[in-house]
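Note that subunit A is present in both complexes that follow, paired respectively with subunit B and with subunit C.
Presenting the complex of A and B:
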């Protein structure tokens, strides 16, 4: 019973910000003079209830699932890898360079090499702050956060000088060879990258829920000193977590490159960027793998849905950005809830009262 | 007490919901009546990343589209994409849009096809796609790859040439033209410098810079003077503060005119020009009146002209003959050129010497324009792959 209530509460925690954001979004759409229900229906119908649309949603959810997991695995241990964005870009760039410089390769081999190079580069970029944190007590949040900008700028220089495609009218590398591209399946947007993501997701589910490492991560997150005192090698665990996080980010970047973008441009990751999106998704999913999966698909539906709104409704597509912003705002209210318990108290009172009245009836 | 408030809230919520649902009924009727007139020609426009309200490239194109809508009664749609640009083109083509303007710079999906798909131009042979600023629609032997793709180019190199010539002419005669209390232009050899700020290193930006440098060189050679040409190509397109800082450096180095081709970075440059009482040159739309008196001119790229012309061609049924071609808009086509200078003219001193000089300069520019039109003066066009031979710029110094 207690477990059910706990689950209900955490569900409520994730759903409330979303509902509030949509409610306020609806008010804004009403003010514009459009119907919020039709607008939302256009968005939902084209992203979840048509075959092509749903495949597209899953396609764009793939990198988000990975970055969400990358964030969750460290955040759960109270280690803050804010560098997912940079690690993703690094991985994407590496796979791009391998993708266009190796010519006439066997497609299977080429794809595997590209993905591996992305993963390795992602891990390398995560290793630096991990070692600094584990052995020199340098604040990993600062290092990873700042490293994002360093990586982005280095890649900007590389993309606009050494690896620049001279024929393009803007800063872009050459497109990757077709042997390194994931082909679209059955006339939809989806590629082999999505099944790969799901395999990784299942593996990560076991790491989170069933493995010793998953347990240790939770323990370190609860109380680092206690974890250390009870015989865990916290330093090594920090490095493991960061490496897994970096690998996931690198894979996300490489996969997005090979299934969607095919070349590195300065707006490769979009705005706010897949890594930052991953942070929101991890929060929304409560740092839980299943939660992250749902949140990533939902968030991807919002993203692709904004294009549908732009085409089929008379509402500016910015409404989706407004909703996303509101969601972040309301999610931070939930943060207050966890620390101060003000809202939790209110909710438990509310819910227990409701339970009482139900019992009476 | 508490229970009653809760009941009240529930009642209010229920009322709100009823209202919302009843409104659903009204507006869904509206939309159905709107979509019943589906027999009209449908034209769509996909914005570039700069967005619909960029005061230039996109906004002008939308202006052309709206003109089509009001004058020709066609169905129009403006789309700003965020995630899936090729998907948007597909959706529009599927929805029956026969003419799609794409202001984006990425042509890979349209011309070459990505992810094992056929090129979009091949998938939708009945839809005409119009792309701008480049001609990606080429086979190896330089013939058109697809009959349903039209490339539109603006000879902004020629307009930039005029802007360069104007810069030197105005700079050399600044003491005659301008009230010295309102401007603090650097005089003498130290003031023989100009700046160029570009958004990114690409042929689409170089086309402006090369033309501008050649225009400066042309007049400087005629007058027997030397100019320093400061330039940067990585200002981006959004950060106006960067524009202010970079332009500030150029102005303090002695430059009296700074030309910016970098989207809203130019706003910062214009503000800086006013602050240090010098001159700037704008791009895309006529922005002369943004900082009146401190913007010398704007190099125009009126995307509304081709949008309107091609839309009209679709309605007249003459669009097919233009398929696969490159449409070049040169000086005098109203699609490119420099402004009529009326805003800066208001800042010229009113005495007869200044007015006479100003008329002389304007006539000189008109004369140059016709020389370019007749081919007497050839301006390098970087957007079709021409490169500028620095050695030909005998009177322009490029500092490292």
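Presenting the complex of A and C:
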């Protein structure tokens, strides 16, 4: 009973912001003079209810699942790795360089090396703030946040000088060799990257829910003093968590590079960026792996659906960006607290009203 | 005349009845004590009187008239004030400013505060009730006893004539308790009615005029204090005969080998001040060594050092001759040292994690509950159910969080967890602080069981009676040093009291 109630509350907590965002989006569409229901239907029809569209949604969801998990694992312990975006870019760039510099490789080996290099670079970028936090008490939120811009700028310089592809008309590196690319499967957008993501997701599910590390992360997040008194090495755990977070971010970047972008451009991660999207997804999913999976797929459907809106409806596709923004806004409000007694209030109100009407009769 | 009366007042939380048709009558100008075990429903009752929660059914009468409070403000306007166990004061403001918070005195027709007039007005009230308070002191600089008086003063300034005090002595030193007693008697003499909630029976006898005993949400007794005694009250509270002083078997452990030894332990706090200097202690197998002392004389630091939360600057700790100084808490536990920390909700438990998760804290890396980095959920559930049964822990929902449990039952989780690991040495700090009488007896007996099994126990407690009834030898701490070690049989509370104040029989006060 208690469990069901808790689940219901957390579901409501995730759904209400989404519904509010869509409701306000509907008002805007009405002002434009279009039917919001048709517009929303066009948006999700292609992305969720056609085979190819759904595969495309899953394809774009892959990096989002990974960045969502990367955010959740640290946020759960009250450590805030805001640098997922930077770690993702670093990982992507590393896999890209390995991807085009190693020529005529065995595809399997090449793919593995590229993914590993992405993971390692992601971990390295996460290690710096982790060490500063654990051993020098430097606020990890500030460091990781600022490091994002430092990394992005360094990569910009590298991409426009040393690694610049002279043949391209804009700032970009050379494309990766075909041996490092993930091939599309069965005429859909999906590549091997999605199954890899799912495997990682399952592993992370067990880490979150069943492992000793997951237990310790929860304890550190809820009560650090208790965690220390129970013999958990909080410093070391901070480093572990940040390394896992960095590895997930790096993998997300490398995978997205090898399955979608194939070269590093300045808008590689899009706007607002896959790492920032991950933060929204982790919040939406309540820092729970299953929640994150659902939120990532849903969010990816929104992103890919914006194209359909541009083509098939008389509404500018920026409406999706508006809805995304509204979602972030509403997510920062905690609609329902554990202590709020929605159901109880509803019940008492309902019952007392019934009693009143009976009295009148 | 009854100034407060409740008629069949009831509070239900779902199916759980916290207060079941309680009829309470408090006459004007008396000191009424409400006693009961943790979780009996005392606080629920008081919160209903103070307007913090609304009763499910029943009536509340103040001065003979029926009232319905929707907030504490209503209660204050009807002359009812409450002093909470945890103070709600602004440390950086003065006593006077704290008392007047929200009802500041303004200069005529200006929005500015008339500081001078404020001090005069507050001083007048302080003088009237003969409180020992300097109204110009900052709250952060005054003692806990004085802070409590500020809280009382806040209510008196608002002209309440009924004061409710929730566990008023829980945070006070023995001297401060005496001062509070004097203050309350003075208030009573001036015609105020006082209700105190407590489970310290000694104070009930000392302070109150009449006592109402609550058990499992029901009133089980109402007596005049002069017609009863501690034993009778305890019996009513728990419904069975409580051995107020547990029987300690005489065991000759003087010849037993030393199991736990502290040599020349010193440490400094973060400000570089030496808070422990040259502590030498020995605990033998099957012996309880009590550490007595006024709080703040290094007991907390000693606890942190022996449990691995603080490093030493000097000295060795050995367990069975093996050096364990400055080990990590996990390794100290692993070596066979059980730990009961002094603040159960800070270090001992995590309130918003489940009972199951708390049952393995500190032992979650041990073989049977964890394999290859993954926790074995079923094994842990079984362990939880077994411990709940063996240690008589009363839980409403075994899958739920620790926050649902009363203090006594939460403490029993720690006791169960630490005792179940079969320690060689147990470090127990304030094992029964804020725990009901029934649980105190239970915990004391469990500690004595360990002693019988040959475990060495280091007991740190600020309750002198606890130290006296459990220990074989007693070490007294004063200003970070051991000022004396005495045999329990050859000492008295008077001698310990002198030692705690820093006076040894060699004469003179130690500095």
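Quick notes on this structure:
The rule is simple: the second predicted complex is superposed on the first by the 334 of 361 C-alpha atoms of A that agree within 3 Å, B and C clash if a C-alpha of one lies under 4 Å from a C-alpha of the other, contacts with A are read in each partner's own complex, and residues count from 1 in each chain.
Going forward, a contact is a pair of C-beta atoms (placed from the backbone, for glycine too) under 8 Å apart; a residue touches a chain by one contact, two chains touch by 3 or more.
Worth saying up front: this structure is predicted, and the values here are computed from it rather than measured.
Once the two complexes are overlaid through subunit A, subunit B and subunit C fit side by side, free of any clash as defined at the top of the document. More residues of subunit A lie in contact with B than with the other chain of the pair subunit B and subunit C. Using the contact criterion defined above for the overlaid structures, shared-chain residue A:215 touches subunit C, although it does not reach subunit B. In the superposed three-chain arrangement, the CA centre of subunit A forms the vertex of an angle with the CA centres of subunit B and subunit C, and that angle is 140 degrees when rounded to a multiple of 10.
By the touch criterion stated above, A:235 is placed in contact with neither subunit B nor subunit C. Applying the stated contact rule after C-alpha superposition, one finds that A:259 touches subunit B and leaves subunit C untouched. Of the two partner chains, neither subunit B nor subunit C is touched by A:45.
Taken over all C-alpha pairs, subunit B and subunit C come no nearer than 18 Å in the superposed arrangement.
The part of subunit B that touches subunit A in the complex is made up of residues 20-21, 23-24, 27-28, 31, 49, 77, 79-84, 87-88, 91-92, 95, 105-106, 108, 112, 114-117, 133-134, 200-204, 234, 383. Within the complex, the subunit C residues that touch subunit A are 307-309, 328-333, 339, 341, 346-353, 357, 361-362, 364-365, 370, 373-375, 377, 397, 399-400. Those residues of subunit A that touch subunit B in the complex are listed here as 26, 30, 34-38, 56, 60, 160, 164, 168-172, 175, 178, 181-184, 189, 191, 259-260, 262-263, 265, 267, 270, 303-304, 306-308, 310-311, 316-317.
Across the complex, subunit C is touched by residues 2-3, 206, 210-213, 215-216, 218-219, 222-223, 225-233 of subunit A.
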